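Shared between the two complexes below is chain A, which pairs with chain B and chain C, respectively.
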Partner chain A sequence: MRGESVLYSIFGVAIALTALLILYPAYHALELSFQDLDSFISEPVWIGFDNYVEVLAMPEFWNALGRGMVFSGTTIVLQIVLGIGFATLLDSAIPAKPLARGIAVLPYLLPTIIVALTFQWMLDSTVGVFTQIARVFGYNYIPWGESSGAAMTVVILLSVWIWTPFVTLAFLAGLQAVPGELYEAARVDGASAWQRFWHITLPQLRPVLTVVLLLRAIWMFNKFDIIWLTTRGGPLQGTEHLPILAYRKTFELYEVGQGAAVSAISFLILSAFILVYFYFFPLDEKE
Partner chain B sequence: MLKAKDTDSKTLSTIAAGARGRKSSRRTVIKGIGAAAGAAAIGLHAPYVHAATKVIRFLNGEPSAESVRAMRFAAAQYEKESGIKVQMDTIPAGKAYEKVQASIKSGRPYDIATLIFVGDVLILADEGKLVPINDIIKKYEWGPRILFPMKGNNYWYPYDYNLCWINCRQDLYDAKGLKAPQDWAGLMSNLDALQGSGEGQLPHGIVHPIGSNGATNYTAFGYMWANGVKLFDDNWNVVLDSPEIAAKAGEYLDFMNEMTKFMPPAPVQAGWANLVGDFQTDKISHTPGTGRLIDTMNVRMPERAANVGSFLFPSKGGGTFAVNHGYDGWVVLDTAMTDEALKFLEWFSDEHLINFLHTSPVHYQPTRLDIYEDARWQAHPALEQFKHITAMQKQVLSDKNIIIRSIDTEGPEPDVRAGKVFRSYALPEMLQNKIVNGMSNADCIKTAADKIRATIAG
Partner chain C sequence: MKELTLGRRTSLYALVCITLLYSFFPIYWMIISSFRDDNSLYANFSLLPGPFKLTNYEVLLELTDYPTWFTNSVLVAFGTVCITLVISILIAYSVTRLQFRGKMAVVGTMLYAYMFPPMLLAIPMFSLFVKLGLADTRLSLMISHCTITLPLGVWLLWGFFKQIPTDVEEAAMVDGCSRLKAFVLVVLPLTLPGVVTVAIFSFLLSWTDYTFALVMIGTDSLKTLPAGLDTMVGTYELRWGELMAGSTLIALPLLVMFMFLSRYFIHGLSAGAVKG
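For the complex of A and B:
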């Protein structure tokens, strides 16, 4: 009985915090999306779905959505592939394994602002390290900020560099739970390394993969900091995705209602994705 | 307060005695805790007493150590004289508007705040969050294009012009016998003379950021203003792509495109750091900027600072010049402390503004004309040392051939629409379309004009 009351108390605190820090802000954002507002202190005017109609009619919204898909899709695939590869490598009999595992996690420990600023200077067209290396090979500089494709490639590579260690760690933990007997039996049966990976490792990692894919999808679709700090959505909106569009509308263009509408639509898209994802990849597969 | 402390100590003794061996019942412990809680409640009167002190909450948007120090000194002085505390929070000026909004929404608005966009001031004034400061403004004579009155009222106290001009290496100019350029051809000629690997030459001539950022908005369009380009007519119609203005804007685009051969590669990637760093490290001979560059160099590399010259953005044909407007100012919010905030602002304006301006003497160009004649302001040694630059600053205020403009102050009157255009980056994108994408002038200008129309319609 006493244990139950403690449990309910903890649960109550969690519910209260969720309501205060997540549900109320989400409700407020939704409320703002139905209002015409120049600023957060303006007198709100209820305009129904007008903001949604305007936002959905804007080419920049659809372009931003497309870029968000490209950014999140590419980063997730690369992170998963590299993460599984590194995890497998770090799980094998390599020398100085603890040290290698520690080094593999390092990028994840760095604050995003540090990574963004450091890479900006490394890519600087005058004094950047990469620029100096490019000059050795006869190139004047790397025009990473001059085309949308190049800028998008840079933010994708940076994102992969920073967040692949998280995926690596998750898969490494998953690999510890794979029974060694399975591999021994496969070896006895004459399975090659690739066959062992494909028929044992990957299926065994499926529960981890399901969770990691979901988490990375949510995080990368909403990822704001690395793009904002590196390109601010440029050049010519070439890296502007929905979170940056929402920020610019809300905080730079005096269109708080439209910014909130962009956020709400983004939230709906992500929610729909999660529902579909759970339908096809249910976490609880006991049945 | 003393009683509370006594009660506290007795209670603690009781609990401690209990803990030292005498058998303590649950009742004793509960009583002890109850007494301690009561004592603590009595003790809570202490901060209440302190809260009775009047406090003016001031959001400072000038984060340099010198400026903060000057502000804090003034605040301490004011508290000493009036008994009213000035509590100062400091953030980068670009974030001040968001912070002001948050303070209003949280129910604890700042009493005075720094703002750097007319559009922000206008929105706050329209919402009734600001009080007019007409009486303070009337006390002084002001320079041109700085007060931005709104519906007959002055809602902000501008403290510096923050003008952008072009700084150059005067020592290299002197060595080559060059003069400040009077037109675009003259500037090109000077850039050409100083670019190279020979004696008295540097790798590049100038840097102009062209990316979608504040550095571009602030430093890249001086030539365009000098060439007579306007964004709006008197009725807020976009005239950038009108035949007369488009021709001038096209000339500007061609000029900027041609000037890239004197710039370090990838001006899209350039920002504030390049404007300062490339100049200080001998990579460029010219850089657009303010007096902040000179003040900073004067502290860290005074012998180099002495070699900095300055000139205004020239026009294509000469005869007219421009500076890009920056401006910073303070507003007084409508709060319970408004009257006290107004008194403080007036006191600061009379007693300490000059000290504050002296924290970056060349950069903080006074907006009040009386300050230029004030012996206290003139007494700063840097103003004597860089009198050629301060003379140029003064000339800007009186010479009819010098245009003071900026994207966010375009239009027939102060309006949030100009602020939206500033933050839409329509004009930096016009430059990118020309220089990076190689679009025709007509297409660049049309694209920019359409974006401006869409932006101000929203």
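For the complex of A and C:
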């Protein structure tokens, strides 16, 4: 075909740019993790696996890993349950469907800073709207965010609020693909709404569920901004997970190499999930 | 289809209303709080909108760095969108039209890169920018935003370009167009929805980003809106009225775009265009 050489050169340049932009930083992250650095301008000293040894020996690391799993596990389960519920509701015969769907998607579009600020304002322990409403029901003082458990609950609920629409949209799309005859047949056989949901909708949504589960796992495990903005990893590191530990190591404790090692470890865990994703959903040019 | 009974219908509507209230109430509260004065914010509590005052907005725009941050956000987002569009269109188009082994690896790498969490890329990138003397500049922030938007752009546009049959531009080339001309005049118009989707989401990702902005920018006057607003939390006593006004103004362009371009939004969102 004509013009192939033009295409090849464009492709070459564009790929080189992208490699420089994405692959080189990833490589540099690994490089940093093998160095002893107390700032980004100091002379690097190559120390092999020492950073990894030190990081893996820190209880802080294991606590952060555990918290990350609690955080991502809980948020994923809640998002999926709520998302399926919302998708089913928004797919049923209701008026003004596009408007309702639009509103249900909104939280997903908002910058995390807005969500963090608005919820902190709503949860303010003296004048916040949730506190005022709780007061009507006789709860005068609610210590949102003062204990680690409460803070973790708050960041989990905020994350669920923001990212459930992703699941809702995925399942809404999935529901469109379920053949209507299946429901008709089930209705003729006298199946209840719940039975139809359990025996038709859910099995039909299984492929969507796998994608959603993997993508949520990949993204929730490394969420940084919502937790940082809401709690800064506190109180007493009660909400500190691996990305926050990496950030604090690098920019607050000036242990750049160790921070990079923490990042590299989360990156390995993440890659395992991404490989599973590619195993289930190989790229297909034809589809 | 059988009609729903009255009871069923009522409970369905009630559930839908609760869902919508759950999704919309925080946004509603942010907006009405931004228009309230201190007295109605802190003393006379009411769930209904009003009173309607512009004091918070006046203070925010006249006494803080907010307008500067706004300009920075616009500059960075605009730059990110332009770079992303040019490069991702070129890559996605050439990948779909070239036949060589390992080209799927390119798309695979893009998808892989798209799943990278920002914090994992931000730290090494900052280190590289320090070496290049680019640290703490808006350009460095723009470049780092491209690490999220480029993979997204290639991924989305790859989906669009592969659906356009090659006969389309071959016919144009038989008629005497060059490859480039055939692409610009014939293929690009057909994939306009894809291009618009990529533009919207590059803007969205850059406009809403906090993580990269936190790492890349230290100087207050170079910050973008999300990072700038966050410094107000640290330095001022918590002035909730102004913070909510600031939040509302960040959300406003997104809400307006969403109203007019919701088709593209829903398409992009379903394709996973908002990382996270």
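Methods note: the second predicted complex is superposed on the first by the 247 of 287 C-alpha atoms of A that agree within 3 Å, B and C clash if a C-alpha of one lies under 4 Å from a C-alpha of the other, contacts with A are read in each partner's own complex, and residues count from 1 in each chain.
Simple rule for what comes next: contacts are C-beta pairs under 8 Å (C-beta built on N, C-alpha and C of every residue); 3 or more make two chains touch, one makes a residue touch a chain.
Remember, it's a predicted structure, so these values are computed and weren't measured experimentally.
K.L.:
Classify the contacts of A:188 with the two partner chains as first (chain B alone), second (chain C alone), both, or neither.
P.N.:
So A:188 meets neither chain B nor chain C here.
K.L.:
Touch check for A:124: first (chain B), second (chain C), both, or neither?
P.N.:
A:124: touches chain B and chain C.
K.L.:
Once chain A of both complexes is superposed, is A:94 in touch with chain B (first), chain C (second), both, or neither?
P.N.:
In the superposition, A:94 contacts chain C only.
K.L.:
In the superposed arrangement, does A:255 touch chain B (first), chain C (second), both or neither?
P.N.:
first
K.L.:
Contact-wise, after the overlay, does A:40 reach chain B, chain C, both or neither (first, second, both, neither)?
P.N.:
Touch status of A:40: both partners.
K.L.:
Of chain B and chain C, which one touches more of chain A's residues?
P.N.:
Of chain B and chain C, C contacts more residues of chain A.
K.L.:
Going by the contact definition given at the top, which residues of chain A touch chain B in one complex and chain C in the other?
P.N.:
40-41, 124, 251
K.L.:
What residues on chain C touch chain A, complex-wise?
P.N.:
2, 4, 12-13, 15-16, 19-20, 22-24, 26-27, 29-30, 33, 41-42, 45, 47, 87, 90-91, 93-95, 97-98, 104, 106-113, 115-121, 123-128, 130-131, 135, 143, 146-147, 150-151, 154, 162, 166, 170, 173, 178-180, 182, 204, 207-211, 214-215, 225-227, 229-230, 233, 240, 243-244, 247, 250-251, 254-255, 258, 262, 265-266, 269-270, 272, 274-276
K.L.:
Give every residue of chain B touching chain A within the complex, in rising order.
P.N.:
Against chain A, chain B makes touches at 98, 101-102, 104-105, 119, 123-124, 127, 129, 211-213, 264-266, 268-270, 274, 278, 283, 416, 419-420, 423-425, 429, 432-433, 436-437, 455, 458.
K.L.:
Quick one: in the complex, what on chain A touches chain C?
P.N.:
1-4, 6-8, 10-11, 13-15, 17-18, 21-26, 28-29, 32, 40-41, 86, 89-90, 92-94, 98, 100-115, 117-119, 121-122, 124, 127, 129, 132, 161-163, 165-166, 169-170, 173, 187, 215, 218-219, 221-225, 228-229, 243, 246-247, 250-251, 256, 259-260, 263, 266-267, 270, 274, 277-278, 283, 285
K.L.:
Chain B touches which residues of chain A in the complex?
P.N.:
Going through chain A, the ones touching chain B are 38-43, 54, 120, 123-126, 140-141, 143-147, 232-237, 248, 251-255, 258.
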